[in-house]
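Letters are used for the chains, namely A, B, C and D, taken in the order the chains are written, and counting of residues starts over at 1 for each.
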Amino acid sequence: MRVSLLAYTQLNPDAEALPEPLRQGSGSTPERLIEYAGRICTRSVDKMGHNPHFIAARIQEGHESIVEHASFTFLVEGISRACSHQLVRHRIASYSQESQRYCEMRKDDPLVTPPAVEADEEAHAVWQQAVDDLSEASQALRERGIHKEDARFLLPNAMATRIVVTMNARSLRHFFDVRLHPSAQWEIRALAREMLRLVYPLAPSVFGDFYERYIEE
Amino acid sequence: MRVSLLAYTQLNPDAEALPEPLRQGSGSTPERLIEYAGRICTRSVDKMGHNPHFIAARIQEGHESIVEHASFTFLVEGISRACSHQLVRHRIASYSQESQRYCEMRKDDPLVTPPAVEADEEAHAVWQQAVDDLSEASQALRERGIHKEDARFLLPNAMATRIVVTMNARSLRHFFDVRLHPSAQWEIRALAREMLRLVYPLAPSVFGDFYERYIEE
Amino acid sequence: MRVSLLAYTQLNPDAEALPEPLRQGSGSTPERLIEYAGRICTRSVDKMGHNPHFIAARIQEGHESIVEHASFTFLVEGISRACSHQLVRHRIASYSQESQRYCEMRKDDPLVTPPAVEADEEAHAVWQQAVDDLSEASQALRERGIHKEDARFLLPNAMATRIVVTMNARSLRHFFDVRLHPSAQWEIRALAREMLRLVYPLAPSVFGDFYERYIEE
Amino acid sequence: MRVSLLAYTQLNPDAEALPEPLRQGSGSTPERLIEYAGRICTRSVDKMGHNPHFIAARIQEGHESIVEHASFTFLVEGISRACSHQLVRHRIASYSQESQRYCEMRKDDPLVTPPAVEADEEAHAVWQQAVDDLSEASQALRERGIHKEDARFLLPNAMATRIVVTMNARSLRHFFDVRLHPSAQWEIRALAREMLRLVYPLAPSVFGDFYERYIEE
């Protein structure tokens, strides 16, 4: 699995376009935007930067909507289709996923092998044989003239996929809440950890609680 | 594939609770609710039932939000996981899907075989062999102590699944628009047709355009 | 303020269309649908009705999405535009609101008077005068040929409005969580109480926690 | 009315974190991100930048979801509460609005006067008198001890408000489609024009069709 942060909400580089309190300031830019939005609600933009706990306090009291103004876009590569099926169930997000319908699957396409299978020699042998058989069968179907969109019915959940995912910080917090939990499945949990590692440095006030609970210790 | 309409938005059976214009009236109940909502916007509830084209006209002019008040819940059985992965990408909807993570997959679990495979004897033989091999491999993994949530990585897209789906009429119209189109994949297209057949009689003013284009002819 | 329950999700009256476990059963129909959806996830539909705490337990453990399959449609009359502005900020919902743009506002259109104003004779006199002045001014503008959509700029927040609202049970639970809280504004709080009173008898397992906390005591 | 673009989706400034095809390239960054997401679906990232019409073609064919990855955050000042009530009805968006509940309204708080009222001397005199009366009445209520949250019931729709709005490009396109239309109300139409002017230069492929239709001519 490889997760990259492709893009995220950043202040307008044309500083002249910004209202005074946003022009100068400390803190990463997603946080400054979020604090500014929160202070619009209570007419306190003149206090920007006075209280380092402003964002965390708003989240604490349930006024979480202000963090929605910042969003983050990830490229996720090498997760299984089992995992992507779970991922796309999160509805407050945007996805662009590699289609199995139009893309020719190649012999050397990567698979995600569960660690428990890799750790057991005999299980791994069974796995490897099954995967090779499938690949051959799929190829044989293609040679009989079966279209890609039908041949892919034989592809296993383990097939790796590639997907671009955008979530705003609130939706991301919900994703972390559900998917970092020890009861979550190992693969999506690993994905959530990678995503958290990438966004935490950009918005520690927004994601600090999850970082402390799940990454630091 | 089997699609059943489990439930849908119906008027409160306690007629005393309803405002006068909803108490008596013609038309199926989702349509009466939708017309009533539309007439609240323009203060014309006294004209309920006067214009049989009221709903279609609102949709035509882009005032489609009124149809959101009615929603429909389906049980979908026997679609492939390839199809359910497409389905759940529709985000303005609610889903409850049979989990592969907790459910033991059984030998006789049904698969969805693409018609093109079924139609070609040789392709079908390849397919059958591949499916049998997979089933055995999956079983062998389970016997090595691999957990269900990992053994399922070998399960193919063709595995049938069961899912409860709720969409409101606007979201359903969008689904029909995209998935009844000839360029849509055969399985989700067949699903869309089944859903349309079920809802059309309950709300012909809402779904008539799709019914005429895709079912009647 | 008057709140009526216009419609809600009910089982398909054509019982033949329903799967066996839904055909016969106890519990109100939204609850039976919700339990059925929850049991699809874990392949336990054969246990329908065995556990009266099934739904509450799912909500407790955070598996709240199953309650989304049921939605409820209300007619809300006689709330202020201040209140409707707050209400429509809840985004996972559908609204059809009486338009001030196309509807002629009449002299005798009702206003929502805050209880604190009604309780203070002097304040009430000030209020009444202001309201009469406004009504006259608005009329004078109309007579000068100012269009309704511009004359309404003078209408106060206190103007009563009428709105049809549909929320699914999950969104409704969130609404109750935020708006029944003692810190919520009195008018939207009263609205939330009315809505809860109407839906609780239809789905006590879904709304029981809020009912016990905010209504019973 | 004053509209500023506070922030928007920009590529990760840490170029090392980006996949090769995103590191170098032409076009504004929201467009590069969108094209990249679109090309992930069809495994054609190696063709980044080859086709200047790539994004417009995807939109044309209804594959509009790729533009959701880019979002834009605006500060909107000096629109009426009538206008903000319309604005927040757009549900696929995030809002942080100045609260009338907690903020003391000041005598010199700006109002939005409809151009048609300003253009008619007599109408304007009526308007001015009404506004002054209201302001006095509201002050009198406050002096009687009526809380801000109740005194604001007298405030007219014309009261100016301040709101931070974030929409992704798809939601923005829908907003432009509905609100730039000649039948839209003048104030929200002016707002839509200002927003379009700000985002068009950053993503001409995404918003070009609206710009040509509504701004250029």
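Keep this in mind: contacts are C-beta pairs under 8 Å (C-beta built on N, C-alpha and C of every residue); 3 or more make two chains touch, one makes a residue touch a chain.
Quick caveat, the model's predicted, so the values are computed rather than measured.
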{"item": "Copies chain D and chain C - interface residue numbers shared by over half, same or different", "value": "same"}
{"item": "Most distant chain from chain A by Cα centroid", "value": "C"}
{"item": "Between chain B and chain C, centroid-to-centroid distance (C-alpha), Å", "value": "27"}
{"item": "Distance from the mean Cα position of chain C to that of chain A, given in whole angstrom", "value": "34"}
{"item": "Per-residue overlap in chain D, given as positions that touch at least 2 other chains", "value": "95"}
{"item": "Touch list for chain C against partner chain D, complex", "value": "80-82, 84-85, 88-89, 91-93, 95, 100-101, 112-114, 116-117, 120, 122-123, 126-127, 129-131, 133-134, 137-138, 140-141, 144-147, 149-150, 152-158, 185"}
{"item": "Complex interface listing, chain B residues touching chain C", "value": "4-13, 17-19, 22, 29, 33, 36-38, 40-43, 65-66, 68-71, 73, 75, 94-99, 102-103, 162-164, 166, 168"}
